[in-house]
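The next part holds the structures, each set out as structure tokens.
In what comes next, chain A is part of two complexes: it sits with chain B in the first one and with chain C in the second one.
Now for the complex of A and B:
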């Protein structure tokens, strides 16, 4: 397993969780977030990466995170539009090899893939869990009228 | 994998969804497409504007904690209540009302905070907590990149 240089955009629950884990596993991690307070979610014990405060849709901020060295960029802000914009700049302007974006709107996934971006869609993941529960209840019969 | 029941079987079921979020809309669209009768309730009427035009579902705007609203929206006829708003507490409260007041047979709640999901499960609510699954999906892919 090689050590990756990972830039994570958005230090919310998902971004900070990934940052803490990846840093502990020995990857080099830089986290970008507009709000300095968000960095409080980074663990003082496990996170040994860097923090960059600023708007990641500005190329200067990405440069500050040394994006030209990144093997992987992850966009994990709460806004699909921001995630798309930053992911595209990383891929097309800076030529980052692997770009993964969180996308809430499932109907946008195909467009992301066409643009060469990898996606994880929480809506589809939660949806599958709900469908499984519903189907299982129906197949199980029992309590269903 | 849980097999999908046939269209004929699904057509006999009514699903009541609270919260026209991207998740609520996704569930409504697919379940209606598979034949279920779908009823969607949201506090904000404008939330329904992002639904696909072809969707066959009853859309009702109102408070999911108002018993009259729930009754008028047809919760008593629903075998399934899916609470999918953005607020964990609201989803938990809606689920408890559906279970305890209306005796809904199957109630599933979206609870994003894993700690809360665990405590709501103890109250008898079946929860879907997706953030750990989302993180796992990212990590799985990252591991495969690191092995390349």
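Now for the complex of A and C:
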């Protein structure tokens, strides 16, 4: 597999986890986060990428992360609108080929699709997982009396 | 017309008042419950408490019937999404974002959203006024490509007493109006310009400085 230049926006639990994984796989990773303390979640053993501190909704910060050279961008901040805006700007303005965004609010997910963005919605994924577990419990455990 | 303003603070309050005084129907969307209560007492407008980048809130605010949506929160991402929704979901004719980071003005425009940066607009107005005392009322028009300014001619204007046609003016500059002793004249080639005249100058931005230099004699 070819080594990719990946920009990850948001260094929370998800962002840092992805950054550690992708860096270990040999990809060049840049992580952007507003709070410097968040970079503590990056593993000193597996993460060999770069850290940029700042607000990714400011174009200057994206340029600092050399966004125009990125093959892939993942937005994983806690704010849906920030994730959407940064993903849109990366795709339409800086021409990043692959753009993926996390979105919490399922009602916003439709708009992401309308705008041609790939999304992962943890709310829907957790919902489906629980739904399956509930059915398994009912059918297998004789919960219905 | 119906105007929806998303945001809060003093300047937005006065902006809403200005629209009201001009006879427009105003709806304000604000996230802060206490500010909403206060606004409802202060201004004759519909106040909606909620997130202006949420489709349901925009719907509740009557976005379908709005002529203008102005998104002016302190968050550029929120403003972008609100405008995007207004445009695509509610087909609002004009969705305008007031951007905080001046860099986002051109970024938003590339994404198809009208954007105004207060910082850029005010800075350029102040810059233009501060450099030339005898030049007033500079209005940038046509996306900043056209500048309209009023210049008072002084002794240093070297074409005083000579007809307009003789002034070696750049191509993209035009003296649109001459104001003399309270009388306004649309000048023709043979109109003479005198010291003390106030002239209304219309230029494209590239020719602006040269035309101004000729009129001010600098």
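We take it that the second predicted complex is superposed on the first by the 144 of 145 C-alpha atoms of A that agree within 3 Å, B and C clash if a C-alpha of one lies under 4 Å from a C-alpha of the other, contacts with A are read in each partner's own complex, and residues count from 1 in each chain.
Operating definition for what follows: contacts are C-beta pairs under 8 Å (C-beta built on N, C-alpha and C of every residue); 3 or more make two chains touch, one makes a residue touch a chain.
Since the structure is predicted, the reported quantities are computational estimates derived from the model, not experimental observations.
In the superposed pair of complexes, A:35 makes contact with neither chain B nor chain C. Shared-chain residue A:59: touches chain C; no touch with chain B.
Contact with chain B, but none with chain C, is seen for A:120 once the two complexes are overlaid on the shared chain.
Of the two partners chain B and chain C, more chain A residues are in touch with B. Of the two partner chains placed by the overlay, only chain C lies in contact with A:89; chain B stays clear of it.
When the two structures are aligned on the shared chain, A:79 is found in touch with chain C, with no touch to chain B.
Touch criterion met: A:13 reaches chain B, while chain C stays clear of it.
In the superposition on chain A, A:104 makes contact with chain B only, not with chain C.
Counting contacts by the rule stated earlier, no residue of chain A appears in both its interface with chain B and its interface with chain C. Only residues 2-5, 9-10, 13, 15, 22-23, 26-27, 30-31, 79-80, 82, 84, 105-106, 108, 110, 126, 128, 130-131, 133-135, 137-139, 141-143, 145-148 of chain B touch chain A when the two sit together in their complex. Of all residues in chain C, only 53, 55-56, 75-78, 80-81, 84-85, 88-89, 101, 103-104, 107, 110-111 touch chain A in the complex they form. Every residue of chain A that touches chain B in the complex is listed here, in rising order: 1-4, 6, 13-14, 17-18, 21-22, 27, 71-72, 74, 98, 100, 102, 104-106, 118, 120, 122-127, 129-139, 143-145.
Within the complex formed with chain C, the residues of chain A that make contact are 57-60, 79, 81-82, 84-86, 88-89, 92-93, 107, 111, 114-115.
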